[in-house]
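Lettered A, B, C and D in written order, each chain numbered from 1.
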């Protein structure tokens, strides 16, 4: 039981609480603020997993840019009647039950997987990674190298996607062009 | 440059398309220019068509004027054009109808003139392509491409219920041809191991030939069924389905009873040009398809289902004629008469016997001329009065004598009076039916068609042309204008030329007929019976295989393609 | 003859090569009149028309002359021998397919030559007559165009050397008949009559076509199965087939000879060859039928065809209605030429006819019944043209009886004489109509003898001729037929023929009665007060001249019927001129009939024969005279002055006047049925079942399925998401189970 | 180190929470936020696996996460634009009310 795990546990609980608030809060503003919190906690978890660059991106892009957008929209729209109470319908029942079973299946699968991992293949454990490698592992340099060499084409495609998204957003959102 | 190859057919097929582009470039309000450009295109096409017909040597190899290019070789598809006797005759017919179609709608279409003429030209290319292609997939592409301009011709330029009719026409024909596509792919994969397969007609035919022999042997005698090759076994099991799909696609196009109901609707709603092309050429695609694809590729099945198809043809002949007697709408009546006449075509082809098949081939041409002319002539009347019911006319002969003479001549051609073209075809079909393995009553029943044919056609003539003038508007009708006269005259003359001097055309058709019969007979159930002696003389020959299959194996050495200029 | 005419320029070779001109001239005339008629003007139109037919007539005379020459013979392409007294020409293939072939071949023997003269001669006279009769008609050029076309077609029919080419003429004359009956097309009834004629003829053509096809099959089967040494199995025959096709008449002749040679019923002791007439055919489409049976079927189908064209039972109904056409047309087409095509056809294929006694008996019976029924209907008719039409039907029935008893020459003689006197009477009727404001009801005429002397005298001669009064031609030709019925030995059917003889006598009596009635009511007595014009006028010379010529011919034609010659090959009796002249044509038939013992000449010796002949003549003459006399008496004296017809016979008269309701019966039985069937099929099968249920039903089923699936497509995005979630859950569970197991 | 299964468990719960939000909430904005949650759950799984298999697969997991973030950004831009457009035309964000795409 080391600090890492304790921290992970703490952050996990916080993340889940935040996420629950996002989903179940009546006021979208509450949801939005909880979402920001959730993103931050997730970023912390990423750090714990030695994914520093992604953690930074998470904070910048998600908690920063995306959330600002969300808030902007919330502010932009005159949402007087914000609480929209749940109205049960067959589709919703089906959805809830499906979600429950998906959750069950996923949890079962992860536990099962962990078990098989421990019994069968000790060699593939991460512990073999040295501390030095670990420090280098998730930093921006490594990822940058990878993106600009191995993943160059998807990366360029991504830029195109972003461009399209910008144009699309403008076209859709503007009343008259 | 290969000696047997010639680029002529490319011109036949694609010149109308080139003119379509030209027409597209013209300004839309210059109607005269558009019409003249289209007419010019059709005339040029006619010249190339005549040229192709003249260049065809009846004594030569089966397919002539061949032209082959690589195209989608990985899929076994090539651009391969060529014609046999029947195809070249139909090419001539199509080319001939082209200018007449343009002339017939000179005044009829006043709106969207450009679109109309582009449709006509594109349709011409598609029809020529379907007739000339020797690659089955290429044929399929052209076959489907015909639907599109025709759909617009009916749906945009037709009468009041045009949309419904166009949709019906489109869906009806599409159902059949999609099933055919499925069967076609199936046949393709059946036809040989990977690498040797090709959609080329000759290759497909040759690949299936041995399998067909085995299948027919097996169908005669179970003892032969034990050691079938894989292809033959598959063909035995699935052949009926594949043949059924092909037959359905073409039967809809012909149209045979009971899949004929799109035709009356389409004809009634279509403009004159649409009806002419529909009756003149499009219906032939059905019989042509049977002739070129359905029967030769599945001869064993053709024999097995001969009686069913013959029964449908006979029903078509009698039933179509009876339907005519119940019509008030003249265009609908002519449409049903097409059902009856095409029943004769099918019957002749299903005799699997030289006279009948020759008659069927000739009847295809006749039907194109006479029914095309009927629609053309009625279109002239329709242009004047915009009425289609017989009761709206009466005593027209008084006002329009020349028109009446033309209509009468075409009527007599349609009911096969000797001396006109209809007689030769119908006589040969009926003779073939009697001489074939079909029961005698089938021939007798088919012959009753001559009675019904006269009954309904003369009924129309009586109601429209004879009797007193019942409506004042009909009394002042103008007789044919010069343009109309010139449009109708070639068809009227052809009626006599084809009726009195059919031999040159029959000679062109003759090798195709022989090969068709021989091909179907390679799977005849009881070869020892009557025609056996006759058939010994015309044994089945393998078609010259295209070199495409080799080219796939050896990519490093590019084949000296016939069309490439060096 | 040869000395009279120099060989050059009329060498037989030249005549042979120019046979086509006989047809081409009227055809050209038709073309010129049809295309340029309006521009030419009336004078030129009739000049062209008459000249073309006249030219054909002259050419026909040349042919006749050539056929009188003993050296005239043609090479038979189907057998090694030559055909004497015949000309032939071949102008190349018409069409060929597979093993079938038809060529444009013409063939003129004495039968066709006689017919040629009748057609072009009578045709010329009628053309001449028409120039005056149609004077005021608007469609003058059109009329002559059709008439010339008709002549051309009729000549094609007569000159054809194969059944197919004959069929061209056969249909062609029907076509012209259709056009000419409906000549005044703006009258619906007239156009309707034309249509009726064409369609009725088409029913006959159906029979003709079926018979031809069966003949092709028969030839093919015979070629396949005939033993060595028969005409059909020879090498020449096979070359002939590839040259002229199986339906050429010489081919059929060879077929008949072959079949006759193998007839085992005739020669029971002969060893049986491969092909036996009464045995079943072994292979081919006719498998299971015997040659004799198929041949009988062929002839019966031909009978149907001939019944259509020659207006026999049950297809005679069109002919009376065909009187709607101009009267010269009725004279030419519906009396003299076209309607005799059926008789001509049977004469042409006489060698086949004699091989089937059953078919012959049927022909005779059909002819006899037609003769009787038509005669009975004619009793009560008042329309001058209708009476003549029914009498034509009746006389055609006589001709069929002649065919049926195997006396082809007699039947043909009747064709010729009938052409003369009936054309004469029709033209006379036309003249009557012309002079009386188109009045056709004989009860509104009368007393024309003084006003129209030429017409009336010629009409009288015609009437006497058809009645069968001794010195006129009708007597000889009709009596030859009746005598044949009495004496011909048609194996198995002698009693039938004897019955027909008596029925024939009754028909002859009827003919005499109503023809005299017609003459008396029209020409004798006083002019009827109901007449349209107060005074009739005699027609102009172009109309009376043909009448005189035809009347003269009706008298002169007796020359053909007199038993003048006694020739070595018929020891029992003397031959008539006609029989002797046509001997080369019917020789084969007679020979085959005798060989197979199906049709024999009477076994009477000369004295018995002569006495029978004379008593027969006397009987016929007496009957005609008595019947005609009664009629004349009745109509002169009794019923002239408005005396009522006996009431007791009134229903009968009404029944006959309405033509025994045959038209109505056909209408009810066939036409209404066919129309009802067509309507019913259209409404229930085509519109309802195929289109509504099957086609639209499919569309609607698809549409219904679509609407059902629409329920899922409710637009609620979360419902869609739920579906995705459900799919995910199921997929995951499934994957887990797969992995675990 | 942190056991990967723990990461996966957290990821699963996060994912299901997001899914619940998407399926149950009516507010389009909240639904949208829930989608973001789901994306983050996926990212977490990527990072978790990357941590475990880092020596064999390198930083591929991280790169994937990076791409997901980028896509999420694009999606957010377009999606929010749609929401604005939606609100402008329908005056509501209730997805139950917005059923234009009905047959």
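Worth a mention:
The definition used in the following text is that contacts are C-beta pairs under 8 Å (C-beta built on N, C-alpha and C of every residue); 3 or more make two chains touch, one makes a residue touch a chain.
Keep in mind it's a predicted model, so treat the numbers as computed, not measured.
Within the contact network of the assembly, the step distance from subunit B to subunit D comes to 2. The greater number of contacting C-beta pairs, out of the two interfaces A-C and A-D, is seen for A-D.
Rounded to whole angstrom units, the spacing between the C-alpha centres of subunit A and subunit C is 100.
Centroid to centroid, with C-alpha atoms defining each point, subunit A and subunit D lie 7 Å apart. Averaged C-alpha coordinates put the centre of subunit A at 65 Å from the centre of subunit B. Centroids of subunit B and subunit C (each the mean of its C-alpha atoms) stand 38 Å apart. Multi-chain contact residues, meaning those touching two or more other chains, occur in subunit C at positions 716, 718, 721-722, 725. For subunit D, residues that reach two or more other chains under the stated contact definition are 19, 23-24, 96. Within subunit B, no positions touching two or more other chains are listed.
Pairs of chains meeting the touch criterion: A-C, A-D, B-C, C-D.
Across the complex, subunit D is touched by residues 4-5, 8, 12, 15-16, 19-20, 22-23, 28, 31-32, 35, 38-39, 42, 45-46, 48-51, 53-54, 57-58, 61-62, 65-66, 69-70, 73-74, 76-77, 79, 82, 84, 86-87, 91-92, 95-96, 98-100, 102-103, 106-107, 110-111, 113-114, 117, 124-129, 133-134, 137-138, 142-143, 146-147, 150-151, 154, 158, 161-162, 164-166, 168-173, 175 of subunit A. Touching subunit C in their complex are the following residues of subunit B: 168, 171-172, 258, 260-262, 319, 322-327, 353-355, 358-359, 395, 397-398, 412, 417-419, 423-424, 427-428, 430-432, 434-438, 440, 443-444, 447-448, 450-451, 454-455, 458-459, 462, 465-469, 500, 502-503, 506, 510, 513, 529-530, 534.
In the complex of the two chains, the subunit C residues touching subunit A come out as 716, 718-719, 721-723, 725-726, 728-729, 732-733, 736, 740. Within the complex formed with subunit C, the residues of subunit A that make contact are 89, 91-92, 94-95, 97-99, 101-102, 105-106, 108-109, 112.
By the touch criterion stated above, subunit C contacts subunit D in their complex at residues 710, 713-718, 721-722, 725.
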